[in-house]
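When the chains are written out, they are named A, B, C and D in that same order, and each has its own residue count from 1.
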Amino acid sequence: MKTLALSSLLACLLAGTAMADTLRVGTSADFPPWESVNEAGDVIGFDRDVIDEVCKRIEAECNVANQAFDGLLPALQVGKFDMVISGMSITEERAEQVDFSNAYAEPPYRFAVAAGSDLTKIEKREDLEAALEGKVIGVQTGSTHEAVVRAHLPKSEPRLYERNEQIADDLNAGRIDAGLLEQSVWEQLMEAREGQLSLAGPLLSSADYAEFGNGTAIAMRKGSDDLKKRVDEAVASMLADGKIAELSNKWFGYDLSYKAE
Amino acid sequence: MSPDIFIKATPIVLQGLQLTLIITICSFVLGQILALPLGLARQANSPLLRWPAAIYTFLIRGSPLLVQLFIIYYGLGQIPAVRNSILWPILREPLYCGIIAIALNSAAYMAEVVAGALRRVPKGQTEACISLGISRRHRFTDVLLPQVYREQLPNIGNEIILVLKSSSLASAITIMEITGVARAFTARTFAPFEVFITAGILYLAIGFAFTFLFRLLERRYGITGTRTPAPEASA
Amino acid sequence: MSAILTYLPHLLQGLLVTLQVAAGSFVIGLLIAIVAVFGWNFGPRPLRWFISGYVTVVRGLPELLIIFLVFYGGTVLLSGAFGTYVEVNALTAGICALSVVAGAYLTEILRGALLTVPQGQWEAATSLGLSRMTAFRDVVLPQMLAYAVPGLGNQWLVILKESALVSIIGLEELMRKGVVAAGATHSPMTFYLTVGALYVAITGVSTLIIGAADRRAARGR
Amino acid sequence: MIKVRNLVKYYGPTRVLDGIGLNVEKGERIVLCGPSGSGKSTLVRCINGLEQRSAGDIEIAGHVLRADCSNVLELGGDVGMVFQQFNLFPHMNVLDNLTLAMRRVRKTPRAEAEAQAMAMLERMQLGAKAKAYPRELSGGQQQRVAIARALCMKPKVMLFDEPTSALDPEMVQEVLDVMTALSREGLTMIVVTHEMGFARNVADRIVFMDGGVILEEAAPDAFFDHPQHNRTREFLRQIGPRTH
């Protein structure tokens, strides 16, 4: 009886065990059009197409798995994934923990507020910062946006959400005063919530707030140099031959491929 | 696991302590207050009281607290009529929503405890009161209720621990109590173990403090020898 | 209404995962509890301390924290312990965490039930030459479980409801399917109420089954 | 068959057995009697290793029993025990109660064990009850099943610890009849009982205990007709009417 119980326990622990034979890619598919889950349960989106193309070019088999954003990098570090692609910006804090490929995209960011808010009239970044003093700003847990709010809007209160649509719904409910997300994400959210939200202030980039990072990249475990070299080459060729631009136009309607300085 | 991060994690986790205590104590007290009328209604003769109370406890005890929390926070917040009502200043705040949801949940479990205890008070007590000419109201406040609550002290002490554990769910509606800050810290530092273990130790410490407090109360006010089985745990 | 119909198949899929998680955790938790009760009664003193410690600590920690610890920390720990990469996915982490929790509560329940089995049963088994292990397995355990039916049933309901917490680490069970549908359709109230109703339905049916099982077990007492 | 030397047993500070010596030969039938609290049950339970002893040696059916009873399972069914409270396994039917030890201890295949058990039940006129559960039987039937259960292990010694005192009066005789029949088959038996009629008819020797010591040992006729000890006479006077 005892051994039976122990072996069941062990079986439970090892149920998820899998050795690496193909590349495992982690993503948090709640971020359309970057990545989301369609009705059939498949992960689709810009990142999905990018990673498929990367895998094709490095001649690897890739399995994409979906999990919560804030657990992606810890999972990568312990070897659950070989790569993480999830609209993830390169930041110093993250770069200490993992290696990033060359950036493949750089999306614009934006504040948004409830429709009809006075903040929609503000055009300059500095004015918006001043107007947001003492206000509550919704961001996603563990995102670069959280870091931006903490660093540049110290008098505002960041409120951490698990999901983007929860930020949108709470904006609409009037529970928070503003939200900070990617422009493309707002567009997606506003489409489903006609007339409830308005964008505020200018488009933002890492030039405005360094915490946004240096573009969006694929994360890999430290020390996977060979893989990184192959992925870097693939990304460079995709940027050069316009594949990224093509996919970007397909999913966003505009080109956010990373422009090297 | 590095001791450094333990040291770093401690002040972070302590940031959530205040909110955890506020949620726990407020939800517990509110839950106890709501449980009394609910428990009485469960035991009432009139079906008009008995049925609504029974349905309420059935629904609350039959579904997860997380669902109830989301219904109250995300669900109600999307209804314009709610946003225009006088309740909005309260329901607008995640903290109040958390306290209300946990309190409503706790009340359903405690109501069963109260109802059960009332059921076990011997009929002879009522008869004795009537023969002594004690009024209905005093029979209630001086004889029935003190018995119920003094007998149920161990269960009430147990309930506050359950409420403490439930308070961790408040992190799901943006409240940065202990579990919330621990999780946000993990997302930033990628060091899961130290933070969650530190948080766990803090929860155990709070739990022991409450347990100790209730032991004291039990020693002072408890009725021994009438212990009843613990009620269903709330989750 | 049509939104519910569109997503109902997803919700029912999630319900299936919920039942898997709950059933898996319950069975493994019960095995843990049986071993723990046996060890607590017959094991050496340090083992008894360990089991008491396990029960006390686990009962004092929020389930959500244990789930986070197993999910985020489990892979780190196991990978270190086995010297090779061991994956803990949301399903595994959820079942393991809830098994550990259920194991602690079930140990308490079985400990109580064990006391209701008369000493004479052990003596009769011994006088017939049955070893302690055989006596426990064939004679005492079945009676203990029959006494424990209400407690076990209660714990099953608790696990069913606790399994909703695994949605927070991304397991696509009933609650998570509800959250996704609520986000996609922009109608949280509809979907959380639907999800709540589905939970009430399964706990309600479970309660009826437990009642019947207890009446059946009571005939053996 | 049984050798007990200088058996001492304490419950906390209370000395319940105070230097008991007892020899039982193969095929001998002993009745143990004495007032309640005299230590007879404790003696029987020490003999088959259900109780640890404080001092003394016990040898039974060829096994030397350690003081801490750690080798009690070596007896392996060689010493059958019948309890006051029957102690049937309530979750098993009669047949399973009988076959459990045969299958688990003796490793008898199920079919063979069941055949033996059925034969035993027929002998006890309980064949029709094989599939019944203990709670569906009368007290007398339950105790007969318990006796059958012990006999299935083909014990070399049978110990009976007040087998009839939990029974309603009208059921006592059916159990005593079974025990009387057993005694005729030459089985070694120790019976703790207050049934003095049974003692007179069946016993080879009667052992009278009081206060944790053996006060008197004698053949039935000598014991009942010429008790040596005052305490014995007092005891017989109290329960006397039931001997006739």
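Note that a residue touches a chain if its C-beta (ideal position, glycine included) is under 8 Å from a C-beta of that chain, and two chains touch if they have at least 3 such contacts.
Just so we're clear, the structure is a prediction, and the values are computed from it rather than from any experiment.
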Which of B-C and A-C has more C-beta pairs touching across its chains: B-C
Most distant chain from chain A by Cα centroid: D
Where chain B and chain D are represented by their mean Cα positions, the distance between them in whole Å: 57
Intercentroid distance (Cα basis), chain C paired with chain B, Å: 22
Distance from chain B to chain A - Cα centre to Cα centre, in angstrom: 37
Touching two or more other chains - residue numbers and ranges from chain D: none
Set of chain C residues in contact with two or more other chains: 72, 76, 168, 179, 186, 188
Residues of chain A engaged with two or more neighbouring chains: 71, 74, 162, 166, 169
Complex contacts: residues of chain C adjacent to chain B: 57, 59-65, 68-69, 72-73, 76-77, 105, 154, 157-158, 161-165, 167-168, 175, 178-179, 182, 186-189, 192-193, 195-196, 199-200, 203-204
Contact set on chain C toward chain D in their complex: 118, 120-121, 123-131, 134, 138-139, 142-143, 146, 219-221
Contact footprint of chain B on chain A as seen in their complex: 69-71, 73-74, 77, 93, 97, 141-142, 146, 159-162, 166, 169-170, 172-175
Of all residues in chain C, those that touch chain A in their complex: 24, 27-28, 31-32, 34-35, 38, 71-72, 75-76, 78-79, 84-93, 95-96, 99, 133, 136-137, 168-170, 179-180, 183-184, 186, 188
Interface residues, chain A side, partner chain C - complex: 1-2, 4-6, 8-9, 12-20, 30, 37, 66-68, 71, 74-75, 78-80, 162-163, 165-166, 169, 192-193
